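Following this message is one structure expressed as structure tokens.
As written, the chains take the letters A, B, C and D, and residue 1 is the first residue of each chain.
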Amino acid sequence: MTDRTTQPDDTSGLPLDGIRVLDLGMFWAGPFAGKWLADGGAQVIKIESGSHPDNLRILARGVYPNGEPGERSWNRSGMINERNRNKLGITIEMGTTEGREIFRRLVAISDVVIENFSNRVMKKWELDYDHLSKINPEIILASVYSQGSTGPESGYVSFGGTLEQLAGITYITGYANEMPGVLTVQLPDPAGGAMATGLILSALRQRRLTGKGLHIDLSQRENVVGLLGAQVLDFGMNERITERIGNRDPHMAPHGCYRCSGEDAWVTLAISSDDEWAALAHLIGQESLIHDDRFATVGARHRNHDELDSIISDWTKDRGKIDTMHQLQDAGIAAGAVYTAADLYADPHLEARSFWEATDEPDAGPHRFPGRPGQLSKTPLGTRLPTPTLGQHNEYVFRELLGMTDDEYAALETSGLITTEPTEAAQKGRL
Amino acid sequence: MSGPLDGLTIVEGGHGIPAAYCTQIMGVLGANVIKIEPPEGDETRRLGPFPNDAPDRESSALFLYLNRNKRSVTLDLDTPSGQDLFRSIVKRADAVVENFAPGYCDERNISYAALSDEHDSLVMSSITPFGQNGPYRDWHATEMTLFAIGGLMNIVGDINREPLKFGGSPALHVAGINSFTATMLAMHLAETAGIGQHVDVSVLEGLGASHFQDLVDYEYHRTVIRRGDMRTPIPTSDGFISFQVQAHVYNDFRRLILGPDAADDDRDAASAIQAQQSGEMDLEILTWSLEKTKLEAYRLGQEAHVPAAYLADMSDIMASPQLQAREFFVEIEHPKAGTLTYPGFPAKLTGSDCRFEPAPLLGQHTHEVISEFTDLSAAEIGELQAAGVL
Amino acid sequence: MKNKEQPPLSGIRVLDIGREIAGPFCARLLARLGADVIKIEAPGRGDPIRGRGPFQPSAAKGESGPMHLYLNEGKRGITIDLASVSGRELFLKLVEKSHVVIENFEPRVMDKLNLAGEVLRERQASIIVTSISNFGNTGPYRDYQASELTMFSMGGHLYRSGQLGRPPIRMGGAPAEFLAALSAAYGTMLAIRSAEESGIGQNVDFSILESQVTSHAQAMVEVSYYGTEVAAGNPRGETLRGVDTKDGMAMVSAQEQQMARLAALIGAPEELGRPNPLDPGSSKQALDEYLSRWAADRTKREVYEAGQGVHVPASFAANAADLIESPQYQHRGFLQEIDHPEAGTVTVPGLPFQWENAWAPTRPAPCLGEHNIEVYSSLLDISREELTQLSGAGVI
Amino acid sequence: MANRLPLEGIRILDMGQFWAAPNAGRAWADAGAEVIKVESCRRPDPLRIQARKIYPDNDPGGEHGDHWNRSGMVNERNRSKLSLALDLSHPKGRDLFIELAKQSDAVSQNYSLGVMDRLGIGWDVLHKANPKLVMVSIMSQGLTGPESSYVSYGQNLEQLGGISYTSGYPDDEKSSVGFALPDPIGGATAAFALIAALRHREETGEGLHIDLSQREAATLIIGDAIVEYSLTGQVPPRIGNHEPGSNPSECYPCEGEDEWIAISISNDAEWLRLCEAMERVNLGSDNRFATIVGRMRNRDAVDELIGEWTARFEKMELFKLLQSHHITAGAITNPRELFQDPHLRERGFWEQVEDYSCGTQEYYGRPMHLSENPYGTRTPTPKLGQHNYEILGGLLSLSNSEIDQLTNEGVIGTEPILTAEGGMARRAS
């Protein structure tokens, strides 16, 4: 259905070649799904507006090359550039009837719409599934809600961090027998984005079977609770509330994170069997401990875990974390140095796997960003296009895809329905 | 139709969480999942918790959750007889999802190359900690070590103490979601163009692609982000809450705590928030929070459009009005473990329903599946059982 | 003094680490007499005999095979990985609370596990280790591999079986292993008796091959006295002198002094009942012809009853159905019904002898690891938390 | 203490005849029990004087002409016992027996049903005389039940116990061969049943009567068939030489006339090792044979290619060759070969016994060694009535003249009175 003659990139042969996606996603979860589909060869059109650009373009404390916002800072924000590759970028003032009319025209020629607004927004715009399916009965609307479209808390706003708390991860994360902490890695967003992508692909299959589009009502909170199935069942089985146990493990011992030489340098290791324990004892030159009653058996190692920790720390504390990781792995022991971003970028394994992908944003310059968890043998996925600048592909989308005339297009620009710059008000947020 | 993946037959192999969670999702969505277990069973059958803490290979909470909706076939893949049966089953399946160690399948002549030989549109997803190649290919890994190498552990915990893993095994579960997505991507091409392929999923790379900010900080201006001083949440009468205050809601937040007639803060949002986070309003916040339950405080915050959250433990999760209103939890009856409450599915798709059948007993469907997928007679199946292959 | 309601071996605890047939059956005999037998299996896979069907199509793996249900009835079941340090320690703790260990691994295995009798007796001086092996724990064939077929082949019986031009044919069931188990149970009882007197345990080294050699009626002494067995030359082709009946095979083994009664029974001429001393063969043959005609329109049981009615040793080839319906077995209560959680109600043979309260009330064969909690918590009082740790590490 | 034999101090009156019961008696005697073989001159153990007699070099006479003491079947299985030849049909004989029973721990017998009672030494009598006495009756079909009076030989019991039905070629019900195993099975069962009963008696102080059925003992061998039938309602089929799970498992021809070797391949790896042994490695990857299903479906081809290979070897050479490749195999050996077998020789399985009337002979030993109780043949099989004086004088403290008197009255003796042989065949062998 897509006119390829002037399409900015070539997706032929890729799995999703020919699928068009309208990506209204903001922040992370929504755009993450859009990126997945774009990687897969879909034509993903990221839709923002001057008044409401993706917030990651205008964060209060954004990340810019060499820390300099520079001109057009909204195109230089690392957070936006890291997660919108392979997309086309356009702007539409969705707040206006005219803007939404244009959007409807795009819906008519698209397969998928992704949004992660709070559940009020699309209704307010009369762009919820009922309305969209009237425009295009085969449309698939993927709503990446924080808590789903229904229920008393469905309107509540959230971020990855708050979802971790609401879904129970934060409560079970922390130092044993101490107060909890507000600890986050924002895992819910990539998890929700990936789940949404899989569901969109499943929905495409359902559409192939039924000829009908559908609405995906995804709750990120539920998606995260789903990562804790065993803990949920444990509550029902044993009326037990999972508590914080630091870096310990219910089954493996020793199992922990040990200080190495250097600033804030650490290595983790996990022992799952008597044989691995023997291997560790050999490695740290303490063969005598192998049959020591305190450590010889599984139960004993759990009971005397504190003693073990100090013995292991004594060994690790004067060693480099990376060398230690290699030594442990060479001995057949599961171990991992606590990597910083710098360590990740320097890691030879990821290098050998060509995990990092080069992009060259018009306003931010060449950089390397992470690839993806899955690689396909016959249709390798990669970075074809850098993250678009705000409204970068307005012309292609409105002229080529919607077939607007020069006058119509000029009218759009002058009316301010489309733009390549955030409004003053929008930029104020960054101050 | 019951689910979007109706009619898909998925063969699952290997041990542990990622592959099992991936196919668990597919099973809920309607796929016919055949779990190939070694005669001694999937390792997760050994992992607690168990009902009444009584270890039993049929009632591991982790196993019950990861493997619902599946059929279990026991097969000794170390024998040519077992490998031959595996190939016959795959011949009639659409996809294989496995997390055997790298090289395992090649040694047994059930690699993608071997399997796709007679099956062009076969999709095979291989999930491993570090991927199918590269120097760490054969390294051992656990949730914690991957969380560490993945660069996430570095930002969890207190800067003056050891970094922390997340509780439970979320990273390995997310790897399962990533595998689901990658597999579906390949399935799309297989079903529309008849082209199958091998999908190489790396748990580590999934984590590497899941950083919010610190990678960019390093790439853009070589700043290494570490965990800071651990912020403790705000205590309430019965637990903890926290606010994630941003510029555009900062004054709403002031009014929430200080009262409706509190004046706007005239500082710029950024520095105001910084001040607040470094404890400027702590006393006022405590006075406000301590006389509320965590749920009340959470609601009041949200109604004031301030992103608020409470630290939910498992009892809070099960009692959550929101999750209950969504009918998120489902009850499943299992012959050995009894009727238990499980997480349902995080999404509702119009026009299809989710499926929730109990996890299989070890080898429960060996006879059924072997007769369905091969031409073996009952006597031949009996011989294979006696020989320990099935 | 113990009251006589208690079975004879009450108070004796047996650790059965046997697999397949011989070891487990030996332990089962002791269980039937009231010993507390704990069957110890490898985690996950369990005793390979569990794989022997037939199974109902949707049966849980390894729980409802007839041979398993038969051999392991009356025992409690737990799992231990004996090859792991933690598992070995668990086992040794159990040894401290037990009297007998029964094993039928290949001879080198117990040494490799560092669980030889001498080692066990460091923890429990009175422990008895009964080892049932194919060729015994010494000698050139010590480490040779064997199965029921190959053991029976070497036992000196098979050479005269079957028909010329066809391979020799073994005896049904698993006679070599079952006979060995019965004799090993005797050896074990002797050692128990000795240990109860002296407090000192010992090793019982049992050889299946040797038990086969001691199972000959006369061949061995013939060889010893004559230098050859009488049946030497080519004995094959001689099969049971069976007669066909309406519903199977029967046999009438009349001796000379019984011929007359047999002749009368089957309506043969009287003179056939008085074999001609010069040519006994001919009259025997003639008698056999009458016999087959007589038997042809009778059922196997009728032939059996009629023959026995005139005190002639008659019998019929009973199959499993005949045995379950046998009035004799029913009268003696030799076969009993047991309810098994997976298999339902099954009929299992008891012991071939009885006296008042000889038999312990039995229990069905255990599911894999069924009694882990019971045994580990109550006997070794290990916490459930630690059990979960052990389970996670694959030790139990 | 430990090297004190397990059954030392136990006295057993062994009235066993023929095979099964005397075997049990020998087992007890070897283990230290004082086992008195009670026969009578009128009714000695039939094997002394009756069918299937085997004499050294086939010569009944020997130097003393006491052929009844030269019967191999008796001498093989009555070692380590004492012999008392006592006429139980004589009132004095019966009374003496009862007196002995008072001083004994156990009585073992395998007469036909009712004989002991007719002799006036049934369980009730003996139990009254000695409440602590344990008696074991080794019967064809037990002491009770509608068929308990039926007569049978080992082969009949093989049939009635269900063994014959499962034996033989799958395609030929009549092909099953009698091995008369119910006798050794019955003997072994009796041996361990008595020790269990003795323990029970010592703990409860009460004697008891063991009612043993050889038919039931035979059924133990096929007990799984009973369980299977109760589960499936199907009578398990005859499977010949096949072993469940092993493909192939069969006897294959070897060099020489009617020589065979049994091979049982229990998994694919073992099949590969066989292919190596046969120097046909290419077969390992041959899809017809590489898997269990393949070998089942090409059974004839498998048997053919193995058979033509094995036929080139002498069976014992092949046995060792296969075992060196860790392949489960066993040569079909005959008693002569077993008698010479180096393994049994090295294990000291054969015992040289200086018999009273047969010179030095070799007999099989026992299938087990007890590390702390090295036990075995203590004395040769006694001559008929050899210990009359010792026993009556020692245990019943009769004077020599009293014993002479009994001899003259024919109550005891040392020579069979070759009359009453009738009815022997009716006894359970």
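We take it that a contact is a pair of C-beta atoms (placed from the backbone, for glycine too) under 8 Å apart; a residue touches a chain by one contact, two chains touch by 3 or more.
Owing to the predicted nature of the structure, the values given are computational and were not obtained by experimental measurement.
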| item | value |
| --- | --- |
| Chains in simultaneous contact with subunit A and subunit D | B, C |
| Relative to subunit D, chain with the most remote C-alpha centre | A |
| For subunit C paired with subunit D, centre-to-centre distance based on mean C-alpha positions, whole Å | 14 |
| Centre distance in Å when subunit A and subunit B are each reduced to the mean of their C-alpha atoms | 14 |
| Length of the line joining the C-alpha centres of subunit B and subunit D, rounded to whole Å | 65 |
| Interface hub residues of subunit D, defined as touching at least two other chains | 244-246, 266 |
| In subunit C, residues with contacts to at least two other chains | 51-54, 385, 388, 390-392, 394 |
| Touching two or more other chains - residues of subunit A | 250-252, 272 |
| Contacting chain pairs - touch in the sense defined above | A-B, A-C, B-C, B-D, C-D |
| Parts of subunit C lying in touch with subunit B, wherever the complex brings them together | 42-45, 48, 51-55, 57-62, 368-369, 372-373, 384-385, 387-388, 390-392, 394, 396 |
| Touching residues (chain side subunit D, partner subunit B) in the complex | 244-247, 266-269, 290-293, 296 |
| Residues of subunit A that touch subunit C when the two form their complex | 250-253, 272-275, 278, 290-291, 296-299, 302 |
| Footprint of subunit C on subunit B - complex, ascending | 38-41, 43, 46-50, 52-58, 74, 361-368, 371, 378, 382, 385-388, 390 |
| Subunit A contact footprint on subunit C (complex, rising order) | 84-86, 89, 382, 385-386, 388-395 |
